[in-house]
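A, B, C and D label the chains in the order they appear, each numbered from 1.
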Amino acid sequence: MDLQIILEEIYKEVQPFISHGKVADYIPKLAAVPLEKFGMAIQTLDGDLFTIGDAVENFSIQSISKAYTLTLALQFIGEDRLWKRVGREPSGNPFNSLVQLEYENGIPRNPFINAGALVLVDIILSNSKNPSQTLLDYVRQRSDNPGIDFDAEVAASEKKTGFRNSALANFLKSFGNLENNVDSVLDAYFHQCSLSMNCIDLAKSFMMLANHGLSPWSGKQVLTESQAKRINSLMLTCGTYDAVGDFAYRVGLPGKSGVGGGIAAFVPGKLSVCVWSPGLNSYGNSLAGTLALELLTTKTGMSIF
Amino acid sequence: MDLQIILEEIYKEVQPFISHGKVADYIPKLAAVPLEKFGMAIQTLDGDLFTIGDAVENFSIQSISKAYTLTLALQFIGEDRLWKRVGREPSGNPFNSLVQLEYENGIPRNPFINAGALVLVDIILSNSKNPSQTLLDYVRQRSDNPGIDFDAEVAASEKKTGFRNSALANFLKSFGNLENNVDSVLDAYFHQCSLSMNCIDLAKSFMMLANHGLSPWSGKQVLTESQAKRINSLMLTCGTYDAVGDFAYRVGLPGKSGVGGGIAAFVPGKLSVCVWSPGLNSYGNSLAGTLALELLTTKTGMSIF
Amino acid sequence: MDLQIILEEIYKEVQPFISHGKVADYIPKLAAVPLEKFGMAIQTLDGDLFTIGDAVENFSIQSISKAYTLTLALQFIGEDRLWKRVGREPSGNPFNSLVQLEYENGIPRNPFINAGALVLVDIILSNSKNPSQTLLDYVRQRSDNPGIDFDAEVAASEKKTGFRNSALANFLKSFGNLENNVDSVLDAYFHQCSLSMNCIDLAKSFMMLANHGLSPWSGKQVLTESQAKRINSLMLTCGTYDAVGDFAYRVGLPGKSGVGGGIAAFVPGKLSVCVWSPGLNSYGNSLAGTLALELLTTKTGMSIF
Amino acid sequence: MDLQIILEEIYKEVQPFISHGKVADYIPKLAAVPLEKFGMAIQTLDGDLFTIGDAVENFSIQSISKAYTLTLALQFIGEDRLWKRVGREPSGNPFNSLVQLEYENGIPRNPFINAGALVLVDIILSNSKNPSQTLLDYVRQRSDNPGIDFDAEVAASEKKTGFRNSALANFLKSFGNLENNVDSVLDAYFHQCSLSMNCIDLAKSFMMLANHGLSPWSGKQVLTESQAKRINSLMLTCGTYDAVGDFAYRVGLPGKSGVGGGIAAFVPGKLSVCVWSPGLNSYGNSLAGTLALELLTTKTGMSIF
């Protein structure tokens, strides 16, 4: 099985679908990304890297960052305390809904909906002197790339239009599920979403989860094997907004998507992969990206099922 | 029918129930109000005033103020524009719920839920150079009492704990249903809720609605007869949180309640009445106050039905 | 004020709007009713009857019948027991929704949504040897017309297509809020909805509620004055599906509508009125009928507010 | 790794938790099952069978049967037609909720909630002359046990108390998502739930899914490898009521539970397992059974993640 050939096949097969997606347009810099961009990178545990298309072009990783903050929050306060403040069930509702939060008294359904991610940020703020630097350091180590940084323009735009996230944060605060002040939490959250990375960075960063908690680049056991498996399960059941069933059905891998058009996924024990195509489907996941991952698991037979 | 004797009967009959209520405790100054306070004032169209108990003691009118801002907003932009931004159906949900707002795309169900009241404030902000003074002037004229003022301590407390209202305002902003910035709207809203008035002030202020739009004190036709009737209908179908059916069933009058324990109501063409008892029932309406109004309509036969 | 002239004015003014409505089409006999039908009848407490258009043509009264069964159920078991099994708050949701019933553990929000009406039927079944005859006798007496009857064809069609009502009845049964078996309750309910009456019948039948519980035709005090007022309040807050706020705002009278296009309403102490126009608005209320009632209260100034 | 020793360890470790569960009591025969029962069976692809406790005692498999009817429905009408009538997303709501069905116009969220299972039954009824025999034949072949049968007493009890399922079926019918009559669908559904099997039967029957669609006993390729993987993904994202996230997090395997206290699960390519302990947790899954599976994956390291 030659993964480079498979990437080339996928690249061809997704082309007709790239124009079917719709680029996120709620902030100018996302809206300006050309719809036809497509990149993909595969990093194997054996140490091989395969890429195609725009795999070295940076994009806004947006919600993919929630996988990083989940790991950090888990390291800071441990499972017992973490799961008192956020649930781990799929939401069954659009990703930024306030409804479920109200019915469940301010406990977000899972760490990957926006409300849950705000709680993660709050945990990091309570446990780190310089939260933004802590996150940057973490991501740079996981990706083996010290050049990764926030995109200040994107962060500023997020803040300017982020009324819904501000509503969520105030709502969480009203339920007593934020320790820090609302503005600090939002500021850190908008920065986290603005992380600018490319497919290779992302594929490399998720090797830690594909490799049972051991980061190949730093040689550090970031999570225990059991913790890594549990985070992986959460990515499968909650990582792709309101399309987790569909994603598991078609792709069959744990993964995390973002409205910038990126999706990171991995086959535990084998490889991690990142695909980027900015056109989104109706669920907010990359349309051609989801298709590319479906083709990858079909062609390689590498589903976890 | 001697209304003074009826007030005295009511005063006696409600005594055993006063302790059944629960004083609002989300801000210190409300929490500090003694549960046993009870006042009532009736103002007739014939010009008579009847009072009992603590009718001249000021209290925080809270949501009763929404009846004033509705009138002001209506005067500023007229019915057609107003009802594009807020509905006029009972909510069927607790008064500060975000759920309905989400399902109905940022259009609050009616002007008396918090979300609706924030839209009213936004309208006043867009149409007045000094919105707080505009509201004060309006209330002082309606009540024929130039001494009415905001309670700065209450307003400050509301702001400090108002995360849920902040969530609502940000949510409305995200749907494009606030023209002004969120902080200005919230500041004006928290001031409005802090209006400090007594039963006589309130009874007098609602004479305008009882009198088909004509304010007896200023002699001014504030609303047309048709507008007054329509506002009155909204008070009946939406004025008492999630207990409008129960209130109409037991009391049978249009009215508006606040968590400070006040309820203002009126019999169109006859009289207006305000009762104050700080202990609330599970719906957020004054428990003994609701009972007092039920006794009033039972004893006088003055229901609108 | 000449009510006959007012009826003639209304008749002319509603003509352009009659075609804007949509006839209920879920059963053949309703679908076959010509859209252009329009009738109206006013019965005053003074004993005068005014009519216009198709006021003597029978139509399917559908949900208007719920006002009758509410009175019967109240007579059978009294207020205390009745309000344990059904609420009295507006629903804030489409009229046949199952959602609220689930959140509120099988207690329908009010007697005028379908679930509430099924509970009323169940009460009548438990307290009458021949429930259908009991209802017929009641309606004939209230309307002073012994010829009123069910429409067997409509009842049969309702049964054939009544899966949603069957779902509701089974759901109520699962919560223990039906005493009788599901099929008996449904059968009685479908018959009740099939009552065939004309505008004069309906206007006369609601005189009892307009007249504080005293039926002018039988001279019988059917309800106490207090009970009548309370039923009237329920018609205002819950009688017109999900448009009670709008109906109170525009019409300003207690009323009950049906998908057959009829609306019965009344001015307590003065008159009762029935209008029929089969074209419905988006809420399931007669479109031209609602407009006709709005014109009536505007022209006569007879709102309860 | 000696699976027999692991089973013995698990058996000991779960003992203290067995009494924490609550036996389903909505029908007499389920209520009569002793709480202390516990059985477990593991069938490996290598052909080994390991058992402990009450592994050969029959119990009511209840909702586990939905995995069988899903396979049958898929064989009958194929993926394209099947997924037009039922979704494949986790429900995020209690398993017999009507709410989501209403918001999503009669399309059940997934095949494993009751509404979805009723649609599966409807498909089988439309495509089989003798649906109950078709299901029996299928289950007997998958389990390699011709003695498996329905429990007539359980089926009769389900029917007698099945008002909620009757509500669901009528609701589906009202949306046009049932082809057959409601009573036939319910009858077949209640029979399916009454299937009486033991841990060994169930473990053997799920080998087909663990073995990529190939049934070891019949040698028949029941599903394609791709279809099997997709069914497996559905079991992970939707198979354990409103606890799929928790189950994936703790157990990390695809599985299907029933209120009889059984849970069937499997490690694709390795083994299938069935555990039975009638005490349920608050989600309706076997409490000790879930714990036993968590211990199994912890001790063997056999998670799919």
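Keep in mind that, in the parts below, contacts are C-beta pairs under 8 Å (C-beta built on N, C-alpha and C of every residue); 3 or more make two chains touch, one makes a residue touch a chain.
Note that the structure is a prediction, hence the values are computed from the model and not measured.
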item	value
Contact-richer chain pair [A-D vs A-B]	A-D
Centroid distance [mean C-alpha coordinates] between chain D and chain B, Å	55
Geometric centre distance via CA averages, chain B-chain A, whole Å	47
Between chain D and chain A, distance of the C-alpha-averaged centres to the nearest whole Å	32
Sites on chain D at which at least two other chains make contact	none
Graph class of chain-chain contacts, one of line, ring, star, complete, other	ring
Listing of all chain pairs that touch each other, if any do	A-B, A-D, B-C, C-D
Chain B-touching residues of chain C, taken from the complex the two chains share	87-93, 100, 109-110, 225-226, 228-230, 232-234, 236-238, 242-246, 248-250, 252, 254, 268, 298, 301, 303-305
Of all residues in chain C, those that touch chain D in their complex	97-99, 102-103, 163-164, 166-171, 173-174, 182
